[in-house]
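What follows is a pair of complexes built around chain A, which joins chain B in one and chain C in the other.
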Partner chain A sequence: MKDMVSRTGNDTLLSIDGLTLDFRTNRGRVKALRDISFPVRKGRILGIVGESGSGKSTVLWSILGLLAGNADVTAGRIDYGDKNLLTLDAEGLRALRGEEVSVVFQDPMTSQIPVLPYARQMSDILYRRSMSEAAKRAAAVDMLRRVGIPDPESRVDAYPHQFSGGMRQRAGIAMSMLTGPNLLLADEPTTALDVTMEAQMIGLMRGLRDDFDTTIVVVSHNLGLIAEMCDDVVVMYAGEVVETGEVHDIFHNARHPYTRALLECDPARIADVTRKLPVIPGDIPDLTKPLAGCIFAGRCQKAMPACVTTAPPLIKRGTGAARCHLLEGPLADPSWPPAPEVPTVARDTGTATVRGAAKGEPLLEVRDLNVQFRTMGALKARMNGVARPFVDAVLDVSLDIRPGETLALVGESGSGKTTLGRTILNLQSAAGGSVRFDGAEIGNMAERRFKPLRRDMAMMFQDPVGSLSPRKSVRALISEPLLIHGAEGRDLDAEAERLADMVRLPRGFLSRYPHELSGGQARRVGVARALALNPRLIVADEPTAGLDVSVQGETLNLMADLQAEHGLSYLIITHNLPVVRHIADRIAIMYLGRIVEDGPAAEVFAKPAHPYTRALVEGVPQPDPDRRRPPSAAIEGEVPSLLRRPKGCDFATRCPLARDACRVEKPEHRQLTPDRRHACLFPLIDTQDNKNKTETP
Partner chain B sequence: MIPYLTKRLGLAAIVVMAVLLLLFSMLHMIPGNPAILALGTRATPEAIAEYTARMRLNEPVVTQFFHFLGNAVQGDLGQDVFSNRPVTAIIAERIGFSLALICTGMGWAVLLGVPLGCLAAVRPGSWLDRVTGIFSVGMIAIPSFLVSIWALLLFSLELRWLPAIGAGEPGDFADQLSHLVLPAFAIGLGWVGYLARMVRASMLEVLGEPYIRSARAFGLTPRRVVLGYALRVAILPTITLIGMGFGGLISSAVFAEIIFSRPGVGKMIFDAVSDRNFPIVQGGVLVATCFYILVVLISDLLIAWLDPRVRSSL
Partner chain C sequence: MSALPSDPVVSDTTATSDALRESAGRERREKLVRFLTDWQGVTGLLLVVIFFASAIFAPWIAPYDPNAMDIPARMSGPTWAHIAGTDQLGRDTFSRILHGGRVALYIAAIGVSASLSIGLVLGMIAGYGPRWLDNLLLLAFDAVRSFPAVILALATVALTGPSLTVVLAIVILTTIPSYGRVARTATLALRHTEFILAERSLGASTGRILFQHVMPNVIGPLLILAAMEVPVVVSIEAGLSFLGIGVLPPQASWGTILNEGYLVIRDAPWMVIAGGIPLILTTLGFTFLGEALRDIFDPRMGRGR
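This part shows the complex of A and B:
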């Protein structure tokens, strides 16, 4: 496949050719990368996009020669200048790393050594330069200032744990840019960050590319980030490159069925919120014995018998290429690819229909709920003269959930949304306010009395695999809630099978253990556990976190179907706004423990009243390179610490529209329409205007 | 930092108090008259009366305890039953021998065990790793008194390379050192194994951390990655182990001092127990306890100094 794209030419900085790599595991040799070829053009940003298991990060680590010990490169070359990086000796590779090729890591929380200050970490990176220690320090300070760390002269002596997540990733970018590398590799650089931070990082990296003329390769599963940031795109699936091209061609004129499917599954692209989310059926193939033909054939909607047996041809277009039988040859389909509006992925046909507005008495009623965390002991507080040794993690929260309704609680990390969910489930004691379930007060109830209520209120935990005991089989996990709540006279095996059917988990999976499940399957086990006792309310903490786009839709459709069948109410805690638009009837936006705006989801999305809501809605990068935002669109700063809650409006420190009054007066919750409230002194829509709008249906 | 130290020292005081109480009640829990226990059944009534008066054994137990406590706080741990010399003076002249033994024993174990663990972790599965693994388990499994006896038999009696008993001539450093070699070897050997295993395990864990991959990705030399980054983190749990190890070495030292007839605190306590010389036992155990508390405190402070995350939570 040397001809996938021309690797001769002066504009190519790095060229990967026929890279093939196996991992030796106890399941046999996993053929993780097969015949990977693409060039990286000088001065451009190349995005490698793919779902988990596609091998996109493995490509990145092959470039640096930092593969895991069980990796075997069996074929191919990676050319950088006149060197083949795969045959370069350790000395040669080390000379390149950090100086010419540098890296931004995925999780700034774990990728920076905790025991050394940034000054030391950064001067260590410059160890090859004959500079004085003072000059190295000055260089570190300059770079920290460039990436937007305030007061870098003193912050350079800080340790990583003294920085917030966003600051750490800025420092991580500063470390990678310190030597002025030619090539910057970024491995999921924003995955660990919030939406507003993500937008800031995208702007920062694009700015650095322009200033330092650095070529960037960014690996991500986030289509919005790829569209917003990249010039060229490589789409990977199950260890193969299925399509390459310029960003506009990929997003507007994708030619490979997988690329099409991936784009169609992204909830941010789907404007129509009444229909169910599309999914790519099936799972990633077993890479210990990949198919002879097209790797995607098992899940492709357009698959033909020949696709399974015959490798697809590589069809070039401009600087890109795609590998599919539909494009050329005897199996070519002139109607492929269809126009972008035409769906190519099957929409799940379930029982759920268009949601009607839920009516009736609220199932859950929360009024003025407060949750406080102690910051110091009572004695220490008295000695230091601190009158209130608490922080308000949840402040004056009121919300209602009616039967059959979905309320989404949205906010960045540290907004108190998980604490609120835990308090509603009586897993955290409240300092004030009331929680009523089905008309009865349940706040701060003793666990002994609360236990029968746990049948009615179930929790779906954030980490689908981590929240399952690794020593229990799926059957035991699913029937566990029944055991805890006394299942006398019930056939647990039959119950487990009933629940497995309900969440569409094949019965054969009942004897498996959590580590043998994919993320989506583990998520379905979590749903089955939540459903075991026929609850009326499910609190779902980040139900789509860690799931690939193609599986995300499956989980959400399942939740919607179950809601329609059983009249469930959901409280969904999430930071993923595109998903919220599809599943929530109403949303509540939280900031620093307070709800700053709530109302019907469609209305809040269409016309946010609070500037923070607008910042969140606009903060999601759009999977469309034609809708890139200017770097200035990102709101600045970070969520302040609860210990330093601003005096006036909580959001005043970051609000682009803040006036003097905002910094003095704490805005009360105001009713905008009968079912919409906000807490802003100067809302983006005035009450009169909105009243007129909501009167017309 | 200051509140932390205050808290730690307060806790240490409580532990010392508890030990004092235990030591004191030990004397009174043994059935029989303490005076007869101390002086033997053939002691004259006069000697028993004199002893009872001197030790205030006829006073109420609570009064006796507070008297004992008050004296201990002032540095008076009582007198030797036989020589009537102050216990503190006796301990003072012997503690140097014990400290030298314990510190040398732990010292060589650290100097050998830590590098061995590092080398084994850098190349897991290599011959060095396997040999270290086998020897570690072997060294941990053999009790130090057995090592003492074997070392004595082999190096002193058979090969005659090193002296067998005593602590050497006072003032003659070389002679004292040659007397230190065998007992220090004997008590440290097991700790080479413990430390090698501990360092290997925590190094292997740290070497798999993302920040080590970061350091490699920035092109740092393998030497700097292992010594400057990985070991810097991996050593932290090892420091706690070393601190606790000093406690274990105090008891190993008792055996070594008996076998090699070293005039240390361990041998002193052993002799005092056989002679039922309770003031010496009390004083010796108290000093050992204080030493242990001090070493653990130092190791905790060392960790705080090396780990900024711990430091900022103090």
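This part shows the complex of A and C:
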């Protein structure tokens, strides 16, 4: 069955040739894919990398024939063995899907059937096989064991909602591997997961490839994931393949200006700590318009007049090919590509560079703050004899933010960081502790009394588009804070324009609606709303979530400029550690609602005291294929549920260095240096003596 | 489509406001064009306009007085003199349909708009307010729903005597729960979205959140519902009129025409047919119009993103 004789050579499993595809929309035909060609080599992991709108997922879905109804394939072929998948009939495709080609989806939450146990879902996958039910079940159990589900014999009868996020994705991978497919397609397989989970998934998928000899095509925007996982890389931009090559070639010897720019924009690859991140100026081109020349010409730093008019040919170089005039022909530039350390993307060296230690009294002082969520009603709790029908979402958190300072709050999902941010802004009531702003207690204040304070404290929300009221124009959205807090005698139109200028949003966007904005533009609207009332503190919840690498720098630079200009303080809530390193003065690491370590960002990154901090710092996939971590580096397990908070140290269940004492005693916060604290019984940087003990448990 | 910073139109302030005004105008024109190219929308609009016009101008259009009896021609089928035939008293059915439309319009316009507004406000309060208030309002909605409209009407009439006002009050009261429930569900879904939280973080009052930010997002389905409730309301009126507790006999209404025709359906089927056609056309008209309007005024369904 697996003996495929391909027309393009024996080592090619799948070959995409000249794939061109349009989407019919009411804005006209969107030329979503144009002349996509690349081979997928047998037994290798191919990564398709690109920003949103690059068409990378569309390529994946065209392989399976699972395109949206308004898609029109106008040219090209996808050869799998001797079949052209684009002309294969529905029955032929169905025979292929699941059996020979299968998929791992981005969100295991929505891609699994909530009302069927895994045993049933997995034996259904094997419906074509003439096996007994018991044999199917045994196969399912084996596969679950292989992907690292503990106790698979009983877990196979669980329903998806009984699994945690990471386990669900493991089960998803098990389902797709169950039929022993030749080709596994993975669409952003780790985007919905935390950093520590991501590292585990990368190890798992590489292991599966080695064991089952499966070819994997993975689509991602995450350069770290691509570098750690893939053998071959295809770089896509605005519906075209701009460069292909082996992973080392792409990451160390990128030949297309877009690939270069993309790599340079990744904060994880910028060694020196700067407030200013590089950005690719401009926007992705409108694919409904007629296209001419190089697709990247409008944003390229090296663009020449000919780039706008003449499409560059695909030029073979090294292990791959790139589509650029600089490489060959009359416009060739022998000095291109420059050495890796030479920047090709303009770096904004604007105002904000001063990074003096913020002094003075703290603007915000949080002391022993607790937030509890009720798990059951008071009556039910009494009847069941539950003494504490609560979970502690935030537990004894203390932090300070001084004027002009940026504090980053870092943690995985479920660590309570968002809850903490909302509680500080009085959007969530606290169960205990104090929040002082500018010296005055503001915790749990009645909304009527808190309202004047909302001028001084603003919030930026995680979803740039979703946090804007969908039926309001940008103009109404930007001027709304002024309306709420009394705008007597102010020209709202003029104010809206002033704010739009401040966040560098073109004034033409004022008459648009949120759904007509890109993530980066919507983010700027959010910043403008937060700034409208000249606040002193901004709580930013994942300010770069959902933004492409080339755009996130723009947002962060804007925030840094505004901080320098207005003396703002930021509390940045994020899980994105590479970004934190560049923008934060101090960081606080949260785990299960507690701050386990806090201190100056540079120190914490260089020498973490808490094993969890170290796991996070090391857990970020490095966008460099030469710095792949051994599979064992990832910490085991997942964040436990708040309902089952461990008795001793919260991290003891996953800590590679945990000892008996850790499982019994809850570590208190200890002062390491005047501005560093941690909550670990055996910190990584205490004394040499302590280190020795660590190594011999 | 996107105006980049380098766009000359954007860099100049005076030109900007002109460009904005122009783009707003263009957007309005685009919406109009989209509406006019949607055959369902145009058909719906046409039917609704005919409904309104015929009801308003009935006294001038109708060839006969709705109550004038032409005894020799009673129970006649469609003829040149009586294009929709006559009833058992020889009254011209076409004239009665036109005049009956006035009653339908009156009940539909006032009944639907009143119950829509009340249902919307109550539903938003139930969805956004505290749990106990939600439970209380739901209980009220369910109580009204479970109570048969006819019994309620009979009880009311026993106290007040039959009149069009009673019909209207019953119509409003019994249709509030459907709007209220839809509005509540839609509000509940919005309650924990980030944009509502964002409004709260700016210090927006509850009233502002409900009327400025929740309402525009929940009213769409309610308008569709309202368009579809129009015929329901008209038939409640017809049912009550049939029982003698609504529109009183000499006055024409679509309900009374249908019911009178029903008695003689074996001998004069055209009466039921003629009485049913305007009801069907009105239903279609409001449904088409409602859907076309939603497609246009929901910005998320525009431009296809």
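In this text, the second predicted complex is superposed on the first by the 673 of 697 C-alpha atoms of A that agree within 3 Å, B and C clash if a C-alpha of one lies under 4 Å from a C-alpha of the other, contacts with A are read in each partner's own complex, and residues count from 1 in each chain.
Throughout what follows, a residue touches a chain if its C-beta (ideal position, glycine included) is under 8 Å from a C-beta of that chain, and two chains touch if they have at least 3 such contacts.
These figures come from a predicted structure and were not determined experimentally.
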Is chain A touched at more residues by chain B or by chain C?
C
Check the residue A:Leu510 against both partner chains and state whether it touches chain B (first), chain C (second), both, or neither.
second
Let me test your reading of the model: by the given contact rule, A:Ser467 touches which partner, first (chain B), second (chain C), both or neither?
second
Just chain B (first), just chain C (second), both, or neither: which does A:Asp124 touch?
first
For A:Val103, decide between first (touching chain B), second (touching chain C), both and neither.
first
Which partner chains sit in contact with A:Leu184 here, chain B, chain C, both or neither? Use first/second/both/neither.
neither
Could you tell me if A:Gln162 is touching chain B, chain C, both of them or neither one (first, second, both, neither)?
first
Is A:Thr25 in contact with chain B, with chain C, with both, or with neither (first, second, both, neither)?
second
Touching residues of chain C toward chain A in the complex: what are they?
1-5, 7, 9-10, 13, 16, 19-20, 23-24, 27, 193-195, 197-205, 208, 212-213, 216-217, 299-300, 303-305
Write out the stretch or stretches of chain A touching chain B in their complex.
64, 66, 94-99, 102-103, 105-107, 110-117, 124-125, 127-128, 159, 161-162, 175-176
Using the touch definition from the top, list the residues of chain A that touch chain C in their complex.
25-27, 282-283, 286, 288, 422, 425, 427, 447, 450-451, 454-455, 458-459, 461-463, 466-472, 480-481, 484-485, 497, 504, 506-511, 513, 515-516, 526, 529
In the complex, go through chain B and note every residue touching chain A.
209-221, 224, 228-229, 232-233, 306-309, 312
